[in-house]
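Letters are used for the chains, namely A, B, C and D, taken in the order the chains are written, and counting of residues starts over at 1 for each.
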Amino acid sequence: MITYLQALNAALDKLLADDPRVFLYGQDIGSFGGAFKVTKNLAARYPGRVLDAPLSEDAIVGMAIGAAIEGMRPIVEMQFADFSTCGFNQIVNHAATLFYRTEVQCPIVVRLPSGGTPGGGPFHSQSMEALYAHYPGLIVMTPGTVEDAYSMLLEAVAIDDPVIFCEHKFLYNHLKAEALPDEALPVGKARIARRGRDATIVTHGAMVHESLAAAEELVSDGYEIEVVDLRTVKPLDTDTLLASVARTGRMLCVSEAWPWGGVSAEVLARVSTEGFGLLDVPAQRLNARDTPIPYHPDLWSAHRPTADAIVASTRHLLEM
Amino acid sequence: MITYLQALNAALDKLLADDPRVFLYGQDIGSFGGAFKVTKNLAARYPGRVLDAPLSEDAIVGMAIGAAIEGMRPIVEMQFADFSTCGFNQIVNHAATLFYRTEVQCPIVVRLPSGGTPGGGPFHSQSMEALYAHYPGLIVMTPGTVEDAYSMLLEAVAIDDPVIFCEHKFLYNHLKAEALPDEALPVGKARIARRGRDATIVTHGAMVHESLAAAEELVSDGYEIEVVDLRTVKPLDTDTLLASVARTGRMLCVSEAWPWGGVSAEVLARVSTEGFGLLDVPAQRLNARDTPIPYHPDLWSAHRPTADAIVASTRHLLEM
Amino acid sequence: MLLARILEEKLSSLYRAGAIKGGVFLGRGQEALSVSVGSHLRKGDIFAPLIRDQAGRMAFGDTVLDTLRTYLGSQLGSMRGRDGNIHRGRPREGYHAMISHLGAMIPLVAGALLARRMKGETGVVGATCLGDGGTSTGAFHEGLNAAAVEKLPLVLVIANNQYAYSTPGSRQFACANLIDKAAGYGVAAHQVDGTDLNECLRVLGEAVQAARNGGGPQFVVGNLLRLVGHGEHDDASYVDTALKESPLGRDCLEVCEEFLVEKDWATTKEIADWRVEAKTEVDDTTTKVQREPSPDPAEEDWTALSERRFAEELSEA
Amino acid sequence: MLLARILEEKLSSLYRAGAIKGGVFLGRGQEALSVSVGSHLRKGDIFAPLIRDQAGRMAFGDTVLDTLRTYLGSQLGSMRGRDGNIHRGRPREGYHAMISHLGAMIPLVAGALLARRMKGETGVVGATCLGDGGTSTGAFHEGLNAAAVEKLPLVLVIANNQYAYSTPGSRQFACANLIDKAAGYGVAAHQVDGTDLNECLRVLGEAVQAARNGGGPQFVVGNLLRLVGHGEHDDASYVDTALKESPLGRDCLEVCEEFLVEKDWATTKEIADWRVEAKTEVDDTTTKVQREPSPDPAEEDWTALSERRFAEELSEA
């Protein structure tokens, strides 16, 4: 069995082994192996290519951009996604604009350990994909499975544009798979995680598993719920969503991020517009609440969508 | 006649005169009067209360927060909205979370000279309202008229929560009104800028005027287009939108910001969901293109929505 | 200082017992420096402590009770379960609640001091602490610089514990000594052996007084070692043994106790009694807090805004 | 340097004639310092100029033609109308195109140098410039510090022209001299009279050589005055008259010409001829560029991504 975290480590290992242009830069990622141990053993295995950075998110991203222009393939680790606000300017104004302005590519990958865990609190729990997706020039991935953690990280580095890689902390050690995949869906394609006919749940990241659990629970009520894992939120695979909604006529979008302008807003805007004729009832969304992410696990469980809340929302959708 | 810019200056003047807790902090806003002259004459009139700041957006916002906790009402000027990325962390993680975490209010106003002007280019043209609206804990205003520039700035300072005040640079000197208003719609209420019956254009900021021009042009085709000016994008006045769509059955949302997760995505998500039964045809959106904002005025005109593009999109909506 | 140590030992054992859901980040070895900051501040001053400032917090007025409430997520704690562990404070009392982003508290304290000046208050001091790693942040630089330009009475204390998480100073900065940074901001510099309480009290006393007297920002570097992991999940195996055995690795509490005994200011017995007393207080308070209710999600007021009229009902969990 | 001056004078008059749609930000008075940076760099080196570096840009290989194309928005310019004025470069040639956010180019150059080192290239230097105001940014601090930690061959040149837009140094920093910042980063410090070309060439020569030889980052402060507004819309009335009359206010070009004449290296006549020559080149190129096509929105490829397969069609203008 291999965990989501081990899959990330294996992907980094393979990338470093296969491509001399790849190097890693981030806080405590060297011999210490990173705050979560995603880079464990890599510094020893690839001397001089897994570098501890100062506590300087802005410089970390800025340096990665400079190295990318020089033909390298830097992979940057933010210790938590939440700290990427301190490197925000370099990401959205420098990396994201470089190709458009200069025709020079900027193949950096910024790894953001994302999402909530119990006791994480307001500054160690954020899901920032919508922030980055709003800016032109970035590709934003939110792998929700062990297989995707592995294959999407490999692809992220292969892409010639900057990639924001939102890996989910809650899945790091919880999620396990039999083996690493040999092949994968192309980047930009959503995946039907579960076939259904009565309604479509569109989701991504850790919410894939809450949604699947919800779908399972609804089986006893006689419902077959389709679950679509977006995988990449920018670009967003509208076609797969529309095809699913064409089958089910109902859609709920579940996202751990905040509601206003989040992934779910973009999904609803697209599906409601392009799938206007396909929807039997209005599309719905379920998000984290519009407050900072609370520290206490009891509050946290009520703040983000859970399988129970998804069941309730889906029932509501089905009964509309 | 009073310009949008003069209205802002008059509001600041009144605020400083009426409330000893108000002070201004930002780059070049003192005796120089600011890059755009919004704070002209104020430093001389209110000695020690209009302070030039170092070139340090992060510190500027951080200091404003500290002063607000101490009971002051700081108004911060970013030289351009685009530079607020450098103060982003303090805004979204400190100001926006303070009340939720500590029960202490954070009444700061961050003025963002926003939006495109010809020749502004990628870093002097951005519309960042969606970024800030995504975060819980912030109020985001986008005044589109001289009257609102004045009255909403007064209200912004009166509000006990942090306000992101997106004033539009293109309107600074172009837009004029007869006089300053004595009263105003409450914050959070959208305004029917033009009555109509055939379709609703929902918009805000400088796009209000492009939309009104488009509506005028469509009169010759026999169409009466309603134009709704959002005024505040968070909170968003869904009720007024729904009431308008109930009358017209059709909606186009026009926004100068980028599409993914922007104001228009949020508007479409809400109206399509809550107004599902009211829409005769799918809601549409028209945004700036999903690239950095180009420098050349010819490219810029093709990048952002203009009256012509709005006419075309509205025609398409009407003919659906 | 002793109480802070005992309390932190309790937090550590509660962590190991799984009684605390989030992380636990302790200040063992840094108490002398931290307590010296807190104890030179007066009521009406401003303090924004950081990660390893349990001792300084208590000297400034924080309590065993509120510490435990915050760590254990009691609804009665100052953060009401919304934030936890070191992210606590009572900003209305000048005791600020840190956000995680390092360096961010510096401009906040500067701004609070600016406000005090505008309100005509004099003789106020604002202190905040940071680690060696935190000096690499843009926030540190912008905040200290802006405070220097305004000549604000800010005391910025750098606890140079030689590591930022696992990262040693050699990967964090290239100056010979962190104190060399002061001149670049035009602020007064102080350096102190952070393992020696007497020295810490003296130097912080000078720094706080200088700030109070209008000397502008004071930059204090205390050299020491943290005698514990970055957090309780961390065994700190990366810490250089030579450093541990150097004077930097001394336990400030032991140094202090030896001093007290040597000077005949306290007997070993008395110190042992204080320890028991502290332990009793901590244990009793723990028992009490563990019986307190957790915050109730159903009663939670799910808005981030203080102005209720702007709260929106979106389709949420 | 002369050519840069003449070219900028042309840009100023084009601006006044309304021929340039965006802003124009000139380096008048800063040419000696700027050209000294560019002229010590070799092919294969890295240069990220800033606002007032027309002279340094040209010394590094930028041309009158591309400058005018960018300002006038010709489709044939290196930025193809997508970006303008000082935001130009050819990053593939080591000549970087600044973003507006001050300080942001420092880590970029550091990262490029890190990459060169990883690729095994030696003897490379990377230079970048910044104003006095730019030293207050977090980006400056983080970038210089990270470069120092990696001991990269970065030459960071601060053009201290005494103002950031309208803001004087006294509202920008509190250190006695900007050079005092170097020690805090552990980097070598150089200071120079920015109005004296000889001195600038000598000091920059030393700094670039030191970086090339493995001496790590070099921090250079040139003292001078900008002899022009912040941008051409600005009359710079805030500049202190005493400063203008001080040695800082000397025009480096005049200083240089006097020197040449005094040394008998050139006659006044020869210099006048150079001026005419430069003017002719600038005028001719302007005429040519003004006939070039603007970028055509209809042919514009509206995607920010280089990988076409990920471009999305959203409902847009």
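Quick note on the criterion: a residue touches a chain if its C-beta (ideal position, glycine included) is under 8 Å from a C-beta of that chain, and two chains touch if they have at least 3 such contacts.
From a predicted model like this one, the values you see are computed outputs, not experimental measurements.
*Asks:* Where the contacts of subunit A and subunit C overlap, which chains show up?
*Replies:* B, D
*Asks:* Which chain is most remote from subunit C in terms of Cα centres?
*Replies:* D
*Asks:* Taking each chain's centre as its mean C-alpha position, how far apart are subunit C and subunit D in Å?
*Replies:* 43
*Asks:* With chain centres taken as the means of their Cα atoms, state the distance from subunit A to subunit D in Å.
*Replies:* Here subunit A and subunit D have centroids separated by 39 Å.
*Asks:* When the C-alpha atoms of subunit A and subunit B are each averaged to a single point, how far apart are the two points in Å?
*Replies:* Taking the mean C-alpha position of each chain, the two centres sit 30 Å apart.
*Asks:* So the centre of each chain is just the mean of its C-alpha atoms; given that, what is the distance between subunit B and subunit D in Å?
*Replies:* Their C-alpha centroids are separated by 34 Å.
*Asks:* Can you pull out the residues of subunit C that are in contact with at least two other chains?
*Replies:* Within subunit C, residues 79, 82-83, 87, 99-101, 136-139, 142, 145-146, 149, 171-173, 303-304, 312, 315 contact more than one other chain.
*Asks:* Among the residues of subunit A, which are close enough to touch at least two other chains?
*Replies:* 53-54, 56, 58, 82, 85-86, 89, 93, 96-97, 100-101, 122-123, 136-137, 234, 236, 260, 273, 284-285, 289-292
*Asks:* Among line, ring, star, complete and other, which best matches the way these chains touch?
*Replies:* complete
*Asks:* Hey, which residues of subunit C end up touching subunit A in the complex?
*Replies:* 20-23, 73, 79, 81-85, 87, 99-102, 133-134, 136-139, 164-167, 171-173, 238, 294-298, 300, 302-304, 312, 314-317
*Asks:* Please give the residue numbers of subunit B that touch subunit C in the complex, ascending.
*Replies:* 23, 48-49, 53-54, 56-72, 74, 89-90, 93-94, 96-102, 104-105, 136-137, 139, 159-161, 187-188, 234-236, 273
*Asks:* Okay, in this complex, where on subunit C does subunit B touch?
*Replies:* Per the stated touch rule, the residues are 78-79, 82-83, 87, 89-92, 96-97, 99-101, 104, 106-116, 118-119, 138-139, 142-143, 145-146, 149, 303-307, 309-312, 315.
*Asks:* Over in the complex, which subunit B residues touch subunit A? Could you list them?
*Replies:* 82, 85-86, 88-89, 92-93, 96-97, 100-101, 122-123, 130-131, 133-137, 234, 236, 257-258, 260-266, 268-269, 272-274, 276, 279, 281-285, 289-292
*Asks:* Which positions of subunit A touch subunit C when the two form their complex?
*Replies:* Against subunit C, subunit A makes touches at 27-28, 30-32, 35, 52-56, 58, 80, 82-83, 85-86, 118-124, 259-260, 284-292, 294-299, 301-306, 309, 313.
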